[in-house]
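Take a look at the structures listed below.
Look for chain A in each of the two complexes below; its partner is chain B in the first and chain C in the second.
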Partner chain A sequence: MKPEKTLRGLALLAALLGAGLAQAAGQSVTALMDDSVDVYDARADYFVRSGSLARRDIALPAPVLEASPRGYVRVALPGREVWLDSMDVTLYPAKDSGSSGCTATSKGSQGYVSRGAGEGCR
Partner chain B sequence: MTRLSLLGLALAGLCGCAQVQLPALPLGKPPVDPNKPLYDAYFQGPAANRDNIARFTQDSLQLQKKALGVAPDAQIDDYLNGVLARLQRGLPGTPPAARVYATPNTEFSGASYQDGGIYIPYKVLETLESEDELAALIGHEYAHVALGHYATNWINTASTLAYSAGNLYINDKLKTATEKNLVGMVLANNAALNVSQIGLVPALTRDQEEQADRLGSDLLIRAGYSYVGMMNFMSRMQDWDARNQAINEQRRVNYIDLFANRKDNLLANAIDTQIDGLENQLAGLLRKAARNHDEGRDRSKMLRDYLKQHYAGAERPALNQAGYAAVLKSAHAQAFFGGLDQAHAALAALQGNERAQALAGASAASKGPAASVPLVRHALINAMALNGKPRDALQMLEGDVAGGDALFADNLLLLGVLKQHSPQQALALAQRSYDRYDGSPELLPELILLNKQMNNQLGVMKFYGLCASKAMVGANNGLLQSCNKAKG
Partner chain C sequence: MASGSETSPERLKGVGHYAALLYGTARRYLGSPRLLWDDLWARGVRRRIALRGYLDGFSRTDGCRIFHTLFQWATLSQATVVFVALFGALSLVDFLDPFGLSRAVQGYSEGLFQKVSANFYGQAAQSRIAVVLVDERTLRSRGESWPPRYLFYSELVRRIARQQPAAIFLDVLVEDRRAYDETLGPAQDELQRALAQSGVPFFIGTLDERSRSVFAQVPGVRSTLVGWSGHERDYPLLVGPGHYFDDGAAIEPVEGGSCDSDAQPTAAFSLYRQLCADGRQAGCPAALAAGDTAAFCKAMVVQWGRKVSDEVVQRQLIDAAQCSAGDASTWASLLEGARAFLATLSLGVDEEADGRLRQPCPYALTLRAEDLGTAKASGLLKDRVVMIGVDLKGIHDRVESPVHGQIPGVYLHAMALDNLLEWNAQYYQRSGNHCLQRTLAALVILLCVAILRARLPRESFLMRSVAIGALLIACLISYLWLRRPPVDWLGLLLVYELVKRLIEKHEAHGGQGGEGYET
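The block that comes next holds the complex of A and B.
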């Protein structure tokens, strides 16, 4: 195999792995807030409602492929992709809630430590 | 109208106060029309496009210093208050004055006080991702200020008990001052400082929290931010309450553990009175905080319904992620937040008696942009004191306390040191700290004792009288016992 082909192959592999990881670390639509949900078309810098879907027509969980800074999410449904309003759906996992960092723990009190407190101080 | 009131009005007109036009906030609860945004129930008239950023908010700032203090940084402060100003400009008239501060607290929360002080932990700033989310948090806290929500905050009670017990412990140990006892002094002060943070939890009602969510959203949208920022913020909050409970529970346990396994019965009895009272107070505070905060999920649903009802057709701009990142994800901000992390780690290392590690961490933090943050300086002073550099530590401590920026715990540390060698200076410091910290009761036993040492009977009686009345008002037997002991 020629060196440039090898490099291209490695780059493609890396990109595929990266995409897979991005999706694994991303959110999914796990529930709808109502019995039906509006779907939208993306324009240059805005979204327009293009129709609606009944709950039964959406297979959940639906992985989020893209999140718009305007609050819409692109999801894959069987045979097509649609934009939904993030206000109309439940996304999982919730937004990253950050790390509380280091909380000192006194000797012998480890039993009291629960999530969020006593994370590593080093 | 009485003559006095007329005179007051005339003076107000002469001094220009009458020109300040505050938003018309009706006294009492106005009727809320469920078909209108909450904003309409409280404010009339078009946006005045005015902002009102307070230069400082003395009362609540002093309260913060009784715990972990604030984390000033010019770039971050300008940005935070720029967001507040933009929110204020949506109100009619002159908006209530307020100011936003970053704090070195590791909790995920926000807090506001009657004087307009709004306090946001650095961990929150590190986590959010858009200016709209930040505006949602500031809008929520500013809504509490604008609506006049106010709850007696508990810090005075909590910290009085915490520092008093710590002081009893310190005073007893100082009778035989050794390096080992300095460790105890440092640990007691640090634990009191952290446990006092629990007392800063504003005990607002659930109804008030919901109102602040709604009015905060109104202000957010009127300022041209995206309400998606509010929903993103709520999404993050789903996890926060449980974490905050865990952090505060750990602070409480750390404090209580300090006094566990005591051998000295006399001291144990004296401290137990304080500790029992403190444990009850803290448990009550933690329960109350949990009760009054809905799960983020419930609040999200309530807000979604509100936004759908009133703002379904509102313009939805793109979240301003770039503006937020430029300031709060910048290399400068990362170094600043990193310095605060190092200070916390240094204090934790001290608690584990890993002194060299503590000094290394505190020194590193003191070389970065967080160098002037009082908690960072506190960590360095403590680490130097316990690493064979007591002179350097004392020099820094004296400078910081004299400058007025030091944490309350540092005032007490210096007081503890001065008491051994220079009671006159100690008395002057105790008096200054008492005035600066709004008559902090935990200083009263010190003031009685030091006045007694200086043969000032008038001073002894004055502060004993104050102690007795404060102890009665606060039903604080421990404080009274301490003052009795000091008076002899």
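The block that comes next holds the complex of A and C.
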């Protein structure tokens, strides 16, 4: 493989990887949905509510430092950083819409299948 | 035996006969090829004459003669014999149900009918229900696996509640206490807080009256049944002891439903009752507010819709290549209905017809859980009943829809609720009496006997037309007026053909004996 092609491929890969970070880095919290907003603590693989903040305690727009795939954003406040639920705030630019799709149905046999919770063994 | 075969000609021909025939034909045409053309021409002429004779037979059909014969005592007498014989046989078949054939044919008849009727199912309640689906993509995007942490559920409910829906229903049995998951306490706290803040009614699935969900004790959480037994393909709105999911061994299939005081509501009925109590549904029976559920005792024969929600199209929630969003106009419905009818007719010869007919998109508006925070989903769930369901490989929660094929179980609850919102207590039920079916059969038999006795040229065609026409009328009256599933048209057509052949055979034998049909 030619060295230029390898370099071009690596550059493309770097650009793709950076795009996700760039989006989070480019986002800002521009408004809160309510007068106060819950803040969360990040644990190993989940978030737990740790308290709430009044609107006046947050200087808007607040740049998003990190976006979690679980739907939380980390923002910097004077003296500390907190996690907010992305549905409690307005983000700009808005999160990319996923393709909701509707592939939930499938061609299946006419065999008996469960009702709601699944028929168990008799 | 040997002497019998010598005196009477064989009724079945052997290979030697056909080989000799083939050899003779080949010799004839190879010797003189022009004979082939002459024979084909002569055969064509004979066919044309036969067809003309057949069509002329209709012009000689005297309707007055049928009418005249219809009111003769002999017609009534003979029809009574056929009616008794037919219903004796039918009752025996119904009772014995050999090989489960009767039930299978009834189910298949209903399924085929629904493939056509689904095109005409209204969309009035479609804007009031939404499904939030948790699938592999949802879990992958969050770095979760199945089962997810308890906090996943409370987080999902909190986020949905933020959009101010009319109610939320979680179609997942969260019953196991997992020692390795320390988030149960925080999840219960968070759920309680979210429900208290939003005031949104929340229902969680259970399988019996004991409500073993780990969230059952959280204030604001109500349990509702999502499983049962003994109702076959129907959706019960109330389930009593003996019909709970785990009571399977003691259950016989029931027609109708149970309405004892201990009966628990299933998901669709719980949500419907909530909407009635909140004043969000017009046409609720007045007695329901007082706790009288008598009007909802019978199980529902769920009617499936085919059309995709307008909102799905407008917000581009679906991939155009995947789903036929379709046109909601009456003409489009008629065209789709006709296409479905033709496809069901050709199912025997075209195995792919069923696949082409299948609607790949569910009727209820669907949103994936990971898309809740996107711009497309903004405000989408407001004032809707939101049902959270799972679509995961290995999680055996799928139902068979005549329109969609196999589909996640949550859509059955969504469709049953849609039926209730559409028709209130006048939803489709399985009727206990077969009065319409019997009256119509009696009329068909009377007409057919009158046609036979009138000795008209095209009696076979006329009798078949009468039978098919009567079945069509019966199906339409049953479906559109009485709100009942269609009669077992496929089974009745098969029985009709059988009876007709028996009568014709009997008549032929009578004719040979010189006594004729009228004796």
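Everything below uses one rule, namely that the second predicted complex is superposed on the first by the 70 of 122 C-alpha atoms of A that agree within 3 Å, B and C clash if a C-alpha of one lies under 4 Å from a C-alpha of the other, contacts with A are read in each partner's own complex, and residues count from 1 in each chain.
Definition applied: a residue touches a chain if its C-beta (ideal position, glycine included) is under 8 Å from a C-beta of that chain, and two chains touch if they have at least 3 such contacts.
Note that the structure is predicted; figures quoted are calculated from it, not measured.
> Contact-wise, after the overlay, does A:A94 reach chain B, chain C, both or neither (first, second, both, neither)?
Both partners, chain B and chain C.
> Who does A:V48 touch here: chain B (first), chain C (second), both, or neither?
Once the two structures are laid over each other on A, A:V48 reaches chain C alone.
> Between chain B (first) and chain C (second), which, if any, makes contact with A:S86: first, second, both or neither?
both
> If we overlay the two complexes on their shared chain A, which of chain B and chain C does A:G71 touch? Say first, second, both or neither.
Both partners.
> One more residue to check, A:M33. First (chain B), second (chain C), both or neither?
both
> Both chain B and chain C touch chain A; at which residues?
33, 45, 69-71, 86-87, 94-109, 112-118, 122
> In the complex of these two chains, what residues of chain A are touching chain C?
So the residues of chain A touching chain C come out as 33, 45-49, 69-71, 85-88, 94-120, 122.
> Of all residues in chain C, which touch chain A in the complex?
On the chain C side, the touching residues are 133, 135, 141-144, 149, 151, 155, 158-159, 162, 171, 173, 183, 186, 189-190, 193, 205, 207, 226-229, 235, 245-246, 248-249, 266-267, 308, 312, 317-319, 322-323, 354-355, 358-362, 366-368, 370-377, 391, 396-401, 404-413.
> Flag every residue of chain A that touches chain B in the complex, lowest number first.
So the residues of chain A touching chain B come out as 33, 45, 68-71, 86-87, 91, 94-109, 112-118, 121-122.
> Taking the complex as given, what residues does chain B use to touch chain A?
Within the complex, chain B contacts chain A at residues 106-108, 123-124, 126-127, 129-130, 194, 226, 228, 231-232, 235-240, 242-247, 249-251, 253-254, 257-258, 296, 304, 307-308, 316-319, 321, 341, 344-345, 347-349, 351-352.
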